[in-house]
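Going in written order, the chains are labelled A, B, C, D and E, and every chain counts its residues from 1.
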Amino acid sequence: MSDKKLKPAPLANEGLSPDERGLFCDAAPREYEPAKGVIEDFYNWARAESLWILGFGTGCGAIELRPLMTSRFDMYRYGIQARPTPRQSCVFVIGGYASVKTLKRIVRSYEQMMGPKFVVALGSCTINGGMYWDSYNTIKRIDQYIPVDVYITGCMPRPEALLAGFQELKKIIKAGKGEGQNIYARDFAWYKANQKQIIKNWDMPDYNW
Amino acid sequence: MDIKDFIAPFAVWKRAFEKPFTVKKPIDERPGAPRYRGFHINDAERCVGCGTCEAICMNKAIDLVPVEGREAKEGDSGLRPRVDYGRCCWCALCVDICPSGSLNMSNEYLWIDSDPDVFRYTPGVDKKPWDGAELGYRRAEGYRLLDEQRVPMAELGHREAVKSFLELVQGYSRAQAEKEADRCVSCGLCIASCPAHMDIPGYIKAVREGDLDTGLRLLYETNPFPEACGRICTHLCEGACSIGTGGDPVAIRWLKRYIADQVELSAYAKALPRAEPSVGKKVAVVGAGPGGLSAAYYLALLGYEVKVYEKDGEAGGMLRYGIPEYRLPYPALDKDIGYIESLGVTIKRGVAIGKDLSLSDLRRDYHAVYLSTGLPVAYGLEVPGDKHPRVLDGVAVLAAATRGEELGLGKRVAVIGGGNVAMDAARTALRHGAAVDILYRRREEDMPADADEIREAKAEGARLIEKSIPVEVKDAAGALAGKAALFVWNEAEMVQKEEGKRPVPEAIPGALREELYDSIIAAIGQGPDLSYVTEEDGVPMKRFKPLVDARGMASPGASPKGGAIFAGGDLVNDRKDAISAIADGHRAALSIDRHLSGKGA
Amino acid sequence: MNELATRLAARYGARGWHDQRADLATIVLDADRLRDALAYLRDQEGYRHLSFATAIDNIERGVFTLVYTLRSHDKGHSLIVHADIDRQKPVVDSIHLLWAQAWTYQREMKEWYGIDFPGSPRVDEEFVLEGWEGPPMMRRDFDSLAYSDATYAERPGRATSDPARHMKEQLYPEAAE
Amino acid sequence: MKKEKLRVIPPAERANPDLESGKYLLMWQGPQHPGITGNMSLKLIVEGDSVVDCETHVGYLHRGFEKLMERRLWMQNFPLVCRIAVPEPDFNEYCYAAALEELAGIQIPDKAVWLRTLSLEMIRLASFLMWIGGQAGAFGHGTIIQWSVTMRDYVLDLFEELSGGRIYHMYIIPGGVRGDVPAGFFKHVLEIMDTVQKNLDDIELVMFHNVVFKMRAEGLGYIPADWVDHYGITGPNARAAGVARDLRKDLGYLAYPRLDFKTIVGQKSDAYERARLRLLEMYQCIDLIRQIVDQCPKDGPFREKLPNPLYWKIPAGETYVAAECTRGEYGFYVASDGSDKPRRVAVRGPSYTHAVAVMERLARGVNIADVAGLMVSLHTYPPEIER
Amino acid sequence: MDATLLQRVGYAFVSLFVITNYGLLLIGSMARISAKVQGRVGQPVYQPYIDIIKSSAKRNSIGHGVMFYLGPVFRLAGGVGTYMFIPAVFGSALFMNFSDSGDLLLVMYFIFFGQLGMALGASEGGHPYSAIGVSRGLAQMTAFEVPFALSVIAVAVQYGTLDITAIVAAQQGGFMHWTLATNPLAVVAALIAFLGMSMHNPFSVVIAPQEIPIGPPTEYQSNLLGMLQTNRAIFNGAKLVLYMNLFFGGATNIVVMVIKTFLIYFINVFVGQAFPRLRVDQSIRFFLGVPTLIGIASVLIAAF
């Protein structure tokens, strides 16, 4: 993360109307100390065994989430289920490419999720642009904008690959390495600077939760 | 809305008593289908690093990277494709197009990591769990994006061919040439194999696009003998062609010929660069073969005044006197030489250095001298009786044929040797109505002649006798004495003497054979004639060859006695083909220029 | 079908009838008579279905060529109507009253090419882009790759070699002199 | 000729609600919303429980295909096009390939014709299967989607076997198809068709004879027949309104003229009717697939040789090739200027009309609970709207 | 009935603990049964535990004012309150909770209480879906309360008491003494209302993921969500026990209780898997139609 140079501190939620301001938190995100020892291990076990995916199909990757959710692959048996609201979800599946317009929603949804939160990125497009490497409207690296825990290759990755990806995520969480939330808080200014560079009509508060 | 609408939905519960759809352990139980387009595998041995996969990839997912332990060599760039799975879309067009068929896909699809920078690897080089996967996407049979078959070249039938000295190969039509040029993938592997390093993809592109002037210009950048080379070049390039790894190589030689054939000599000047203004220096070239004339051409372009001395009556050297008309018709050669002459190169025909003029004279009169006298002296058979009048010299026979002299070979001819001269002599003899036996010490696959030539010679009716070691030439008995000779040879078997070296023929004791021939043509190699070089010229020799430096310079430099001496062509190099001589000539011209203009060290 | 060509030529100055297939023809019109001609085709000639509308940037000629594809299900025939408009002043009559979905296509063309359709609903709103600051991106002079390279970070560490150049460096470096 | 009066249907009046009044609630449905098909959003203005105004917002999936295609070689576009409509990629492949073949004057072998037809029918079935789960789910029936997506997965297995890809098959390549059928493939097809048909029978029983489903779907999203031309509605949405249009019959492309099928037409034109019609079309797909398996030639070439794809140039010209996908008229307009890259490729996805103009019109006055159901009943895929 | 107050409090904690676990396992096993219908294997039975631990282990949470926090608290209070006044096992001191005369009224009140508290809290979340969910929830609750109240009235009238223990006592002595046998109409009305109360299909408009994801709890997260999840188990358990007591003869030991409540809950799942979801207006109209008539009829039967 040495390349993450801190830019000037971002704005607070100025410019919002008073009613709206009430809907957002106006504190910058902070890093959270993990609990001590066995307790954190126990928590991590629970976090790993109860992965709630945010139901947001950001790209073509969403198409393989359907078989995963339904009877053939049945991810429920692994404690994975889809949640319709970011507040209750802990896993964000980035389904492939993200257009700028979607990225804005991704950032918002991600920030609205409660930590610890994890990101699984599907397909080539999230790693280095994929087949839309020369498109004027899609980003190339999702890790510039939000921290990512697991990448799954493929275009599209098969549902099995997704399952394996979730197993890998479980391992990461159980090992206590799923600290995307803290990384995001630590490098918040860097992430915000990257986001604002791409999202031209930044009409949302900096603190989005 | 009837009662059924209330009852029927409960039919969902039927499912509860059936087997679930769920796959128990999907990752283990459901491998990719046999055709699944999973991760790439590459047979690094078969791959030649041509980069066609990189060219077709719409995602710019493939890079060609140097690989440890793999050097560039003829027909193999030493590079291997590296796939970026941050780009790949698993379309498998790279597999479909791969000329060698080395690139394939496994049916493996699991690659998960939390580090986004790891998803790049060189298949077949970096070890991966799916290496050597049996299943996975392969090109379907009969399905390639590239055409593996070359556009057939119209040739005279063999029956027809032996009747005359008409040119065998008829050349491509425009449509054929463009179709053939379309097979090229512009990988450029061929360039390194060409002694002259011609811009082969460049001129093939010119053919494809119908821009023959550009094509001609590209040809002349490195080779002023396109007509000749387009016909008789040893086409090492085609051996390196990446398309050749999975089919017929692109007919590079025929395409070169197509360009030269299509442009009239009168239109050359328009397409080709003009000579630089005169630099006021003079260079002499000894020998008007392809090497000498190439040097002359490039020197003339650079503004030198060039005079070429040729002992024979016509220019062209071995191209004219060593290669029969049916392979290289004289008008084609004349076209090449004519253009060189049109640049102001003077060819002094019939002037032999060492006889009419001495090398010292040249050194005195010129700023530099280029020796390109080739290998005019044929080796003898070196067996008892090889001085028999009916034992002829292959090169001499071919030269005589060129001069249109009566050859008088008779009805039964033996050709001893396995090189191109032997084949040409044999086929010339065939055209004079003789029955021809070709005798060679080793096996057919060991013959140094072009495979095409061997094939054609056989097809035209020559009999090939392999593994035959010459023993003796005896005069024929009786009335035929002095008019025919008995050739005696010993049958041989191939013995692997040393591990890793090619096997050598060893005579089978007692297996002597003999046959009566009207002529025995010895074509077992030629040597140089350096009698014109005197010691005071200061040309160092090694193994009967002038010793030259990397730039072709033979003498240490200009001495008070005269200009520097450069040498090249068959005289110096080991390849002994026209294109190498041309390359030497080109290089010598540049070296001479650098030497005389004082540029470079 | 050529009767139709004649009628269109007589009424609207249409030209260049070209039968691409038995069931597909193309024709060229002047932009200022486009709406009338489309209405005529729709109401009188049975081309009631607008398959799609789009534009081509013929930058070499300095025009945008509009493409309207109509289909007559009765005749089983499709007709592609072309009209050129000036690239500098791209304004065309809106056809949103003729077809109820046409405004979407017009909104798209406005955003993608900068062609204006006065009066078309929501034509000035963003369609698929958000916060776009560049020129209309479907214009030929907009370079998508250059924009992408300048805007979006790429994962570093890629390098490729050209086989021919690599071999030259490895095998005969002297020729590079 | 019959002389008609020039007829202009005035655009439906849009309510112009005063959001400040506090009477209305502005709501976004999507893009992060389980009740939306794919990644798009509806901006709803709601009064109480009913929608006053609806605007479709698209572009979340915009990748600029049409621009990218102008940058790529003709053959390089072949892997690209299938990504335009994710659940139904084969129609992109077919339309693109057919347009190129038409422009370049290439005739494809008969076997390729049949295999293409098979591929298209199979993906129609798969797409319908996913849709029917979505339709049931939009009304809260979570069981159907569990079954139907599995059935779809079985069809995808067939694709994987045939082409090597589950989602993006990249099978229909310009010049033909990419491979012959593997051994035993047709047998698998027939087996899976039996499984799917059996499951469809269950779905029919559970979903279409369901009092709640009827209560929800009947009368929802009525499309009058005279909207069909005016809005450019195609496919099942048009057929449910009683307009018998099926490009498979009308254009007679590929092997369809040699197959025995009837255009299915509905009457009532509401969400239920559309769902029912699509169910019937699924049975039709199964029937057609069986016919294709029966009639497909067993051998012969499956691909026409093409020039080197690295330099392939297509003569200048333009064409529009359409096909009947599950949602209606799917078309590719391809213009070539004679170079090795397309001059312009425009994609006509049926959702373009259905999800924007039609949806915005139909959503007005609908209960907010029905928006998702209505949206799904129009069967739209956002990626083909914005490309 | 001789236990001291302290003992009763202690017993109540045990009882609460048991019902919480039972409720969680019940939810877990019903999820598995639903999964079976859908052709799946389904989540582990203990999954709800993990979910609650996970929710409680979240590191951060956000709030929208005091009411927002109070919502789940009220809800939990409602759940616990409901359960605390129902005797879970007839005749068991351990499971009799704080049942006393007139507890039926308290229970009815607590069932409402939770919902209302939730409504207040969720509305504070500021999310339009929460607001819509709340309004739907309240509307539907009002509707299903009608048949439910009617059937409870019928039961009260029939047994002449508002003491649940007494009602259970009256039903002892075999199946023919159960309300199910003595006043089936009341049971039918109550069970239909139960479908609405437990928010299963076709009456799941309140949370309706496809329409208003996911209604009132949209904004709730972390430990607040954990609280809601715990409450769901308790509240479910409480309602099931109430139904068992009122209509199915109660339970004399814990095994009977488990079997009976399981079956009652299963009715929900049985119907829920078969039907989609009704719109809120449709469900209100539905509850105010046939079930209400049945309820009235049951009261009439009980009264006369």
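We take it that a contact is a pair of C-beta atoms (placed from the backbone, for glycine too) under 8 Å apart; a residue touches a chain by one contact, two chains touch by 3 or more.
All values reported here derive from a predicted model rather than from experimental measurement.
Student: Tell me, please, which chain's centre (mean of its C-alpha atoms) is farthest from the centre of chain A?
Tutor: B
Student: Whose Cα centre is nearest the centre of all Cα atoms in view?
Tutor: Nearest to the common C-alpha centre lies chain D.
Student: Among all chains, whose Cα centre is located farthest from the one for chain D?
Tutor: Following the centroid criterion, the farthest chain would be B.
Student: When the centre of a chain is set as the mean of its C-alpha atoms, what distance in Å lies between chain A and chain B?
Tutor: 58
Student: Distance from the CA centroid of chain B to that of chain D, rounded to the nearest Å?
Tutor: 55
Student: Round to the nearest whole Å and give the separation of the Cα centres of chain B and chain E.
Tutor: So the centroids are 89 Å from each other.
Student: Could you say which residues in chain B touch two or more other chains, in rising order?
Tutor: In chain B, residues 9, 11-12, 15, 20-22, 32, 58, 84, 86, 89-90, 116 touch at least two other chains, as defined above.
Student: Going through chain E residue by residue, note those that touch at least 2 other chains and give them in order.
Tutor: Residues 35, 37-41, 209, 213, 273-275.
Student: Where in chain A do residues touch two or more other chains at once?
Tutor: Residue numbers touching two or more other chains: 55, 70-72, 74, 77, 84, 101, 127-129, 131, 133-138, 141, 155, 158.
Student: Taking the top-of-page definition of touch, could you list the pairs of chains it picks out?
Tutor: Here the touching pairs of chains are A-B, A-C, A-D, A-E, B-C, B-D, B-E, C-D, D-E.
Student: Tell me, which parts of chain C touch chain A in their complex?
Tutor: Residues 128-134, 137, 142, 144-145, 147-148, 151-155 of chain C touch chain A in their complex.
Student: Would you mind writing out the residues of chain C in touch with chain D in their complex?
Tutor: Against chain D, chain C makes touches at 20-21, 23-24, 26, 39, 43-44, 48-52, 54, 56-57, 67, 69, 73, 76, 78, 80, 96-101, 103-105, 121, 126-130, 137-138, 140, 142, 144-145.
Student: Chain D touches which residues of chain E in the complex?
Tutor: Against chain D, chain E makes touches at 37-40, 128-129, 131-132, 201-202, 204-205, 208-213, 273-282.
Student: For chain D, which residues count as touching chain C in their complex?
Tutor: Residues 1, 3-11, 58-59, 62, 64, 66-68, 70-71, 102, 227, 229-232, 234, 245, 250-251, 317-320, 322, 329, 331, 333, 335, 343-344, 346, 348, 352-353, 356-358, 361, 386 of chain D touch chain C in their complex.
Student: Would you mind writing out the residues of chain B in touch with chain C in their complex?
Tutor: Residues 49-51, 54, 62-66, 71-73, 77-79, 84, 86, 116-117, 120, 187-189, 191-192, 197, 201, 550, 600 of chain B touch chain C in their complex.
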